[in-house]
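Next up: some structures, all given as structure tokens.
There are two complexes below, and they share subunit A, which is joined by subunit B in the first and by subunit C in the second.
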Partner chain A sequence: MIRLLFFGRLGDVAAGVATSIEASEGLTPSAVREALAVDYPSLAAELSQPQVLVSIDQCIADWDQPIADGAELAFLPPVTGG
Partner chain B sequence: MSAHVIIRVQRADFDLASEYQRLRQSTTAVGAVVTFCGLVRDLENETAIDSLSLQHYPGMTESLLEDIVAQAEQRWRLIGVTLIHRVGQLSPSDQIVFVGVASEHRKDAFEAAEYLMDYLKTRATFWKKIDQGGQQYWVDSKDSDQLALDRWQRDD
Partner chain C sequence: MPLTDSQFMRYSRHLLMDDIAESGQQRLLDSHVLIVGMGGLGCPVSLYLAAAGIGELTLCDSDTVDRTNLQRQVLYAEEDCGKPKVECAQNRLHALNAETKIHIYPEQLSGEILANSYDLVIDCTDNLAARQQLNAHCVAHKIPFVSAAALGWEGQLVAFDFAHNDHLCLNCIIDKDAPEPIMNCGNAGVVGPVLGAMGSLQATTAIRVLLGYFQQHGQIQRYDGKKGQWLGLTAEAKQHCAICGIP
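On to the complex of A and B.
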């Protein structure tokens, strides 16, 4: 299983979305986004915004980076701390 | 020599005087302490806010802040660094962020404090949500924060 996390405004858009997804060979953040688009097109559109970053196990990752089983995948909108 | 580093993400308020004293007393080599404290402003888009809530990514935030401090240590001679960021619900004029830097000479402390704030604003995983007259919305990132960061990257 891969744990899914949505932060900031993405958390609001992702309300009700599953918090995990089945792991599969060669799964990438892009593929997860495409899978989410089937049932949640508005969320997928938000995730496609160019400023949205992804992290795998709390490290900033590429959209085409493979995700290992048991990993934590987070979608991060532009940060606004400080 | 690596600096004495304190990084805290917390709901509780912090006390500027005690943070300053800790930095001042890092070692007797300290000749300069620069502190910055960010507060919650009462206006957003020229309209009064009721409150602000801050979300973060526990674990990732702390490790990103550690990376930012490590980068600053590569550029300046630092003796002590303290970064504190609050999360949870805050009200106008509440303290939200503290950056303190102790060094032998003032230039290192001044520049490192500004660098740490600029990187914190654009890299650390915090998100602000504003409550304004019963309406809640997430704050947008600002181009000016990215421009502040670009200045340091030009210097690389």
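On to the complex of A and C.
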């Protein structure tokens, strides 16, 4: 299983979304986003915004990076203001 | 130069600490810090650094004070509306600590401003282009760089000690060519104290860097003020980063 974390305001958009997803060979953050789009298109749209970051086990990752079974995948919305 | 009697009194709460003491205070007094952006982050950053006795602060911001700024930009008062932010900030910071030299640029960031010598650069801007310009300059000139941002209830802090690390920069984390997000403080809002929290952390990080206590090059701190959650993240240098990568 892969644990899912939707940080900050993404957590509001992801209310009701499962907090884990079945692991599979070569699963990537992009693939997780595509899977979420089936049932949660508004969440997938938020995850597709510019500068959304992903981390795997608290390390910033690429969207096409494979996720190991047991890892935590986090989505982090952009923060830009100052 | 030894501290004066007045400085011993003013900075006594630093001097009581073994890991700051007189030598650390002298280092702060000898430091020159550039703060780019004098909004919700730049206000607390400059207040704390002036109070801490940073010798020289250079402030850069082209904006004038607007009534909508007063909800979070704690340096400014109602009578400042319409005046350049850096001039108002200079007056307020001078009143706080007349020993700190305050240089101001009521204009957008430029090569002329960056051409000065700084011990540390602090990003308090509100857009990726300015952040990336500062990042590239700090990488090229091996200047420590402390960057933060906030939106809504959320904040982010990331700092880079380019004086001791050649690789892993802001561009490794957020691509310099990424489009600006649709949401910003102007259309989505921001909670003032979240900016205060992140600005205070920027000032704390700045003091750590200047005193030689910073060991978290490229680590990211995320804060969700609505849920009271913190998240610490690491990042890795991108081998082919256009700014810090190996060509």
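Please note the rule applied: the second predicted complex is superposed on the first by the 78 of 82 C-alpha atoms of A that agree within 3 Å, B and C clash if a C-alpha of one lies under 4 Å from a C-alpha of the other, contacts with A are read in each partner's own complex, and residues count from 1 in each chain.
Keep this in mind: a residue touches a chain if its C-beta (ideal position, glycine included) is under 8 Å from a C-beta of that chain, and two chains touch if they have at least 3 such contacts.
Nothing here was measured: the structure is a model prediction, and the numbers come from that model.
Judged by the touch definition given at the top, the superposed model places A:49 against subunit C, while subunit B stays out of reach. By the touch criterion defined above, A:80 lies against subunit B and subunit C together after alignment on the C-alpha atoms of chain A. When both complexes are aligned on chain A by C-alpha atoms, subunit A residues 7-9, 11, 51, 55, 58, 74, 76-82 touch subunit B in the first and subunit C in the second. Of all the residues in subunit B, the ones that touch subunit A in their complex are 38, 54-57, 59-60, 63, 85, 96-97, 117, 120-129, 138-141, 145.
Contact residues of subunit A toward subunit B in the complex are 5, 7-9, 11-12, 51, 55, 58, 74, 76-82.
Residues of subunit A touching subunit C in their complex: 7-9, 11, 49-51, 53, 55, 58-60, 74, 76-82. Chain contact summary for the complex, subunit C toward subunit A: residues 37, 39-42, 123-128, 148-156, 173-174, 178-186, 190, 195, 220, 222, 224, 226-227, 229, 231-236.
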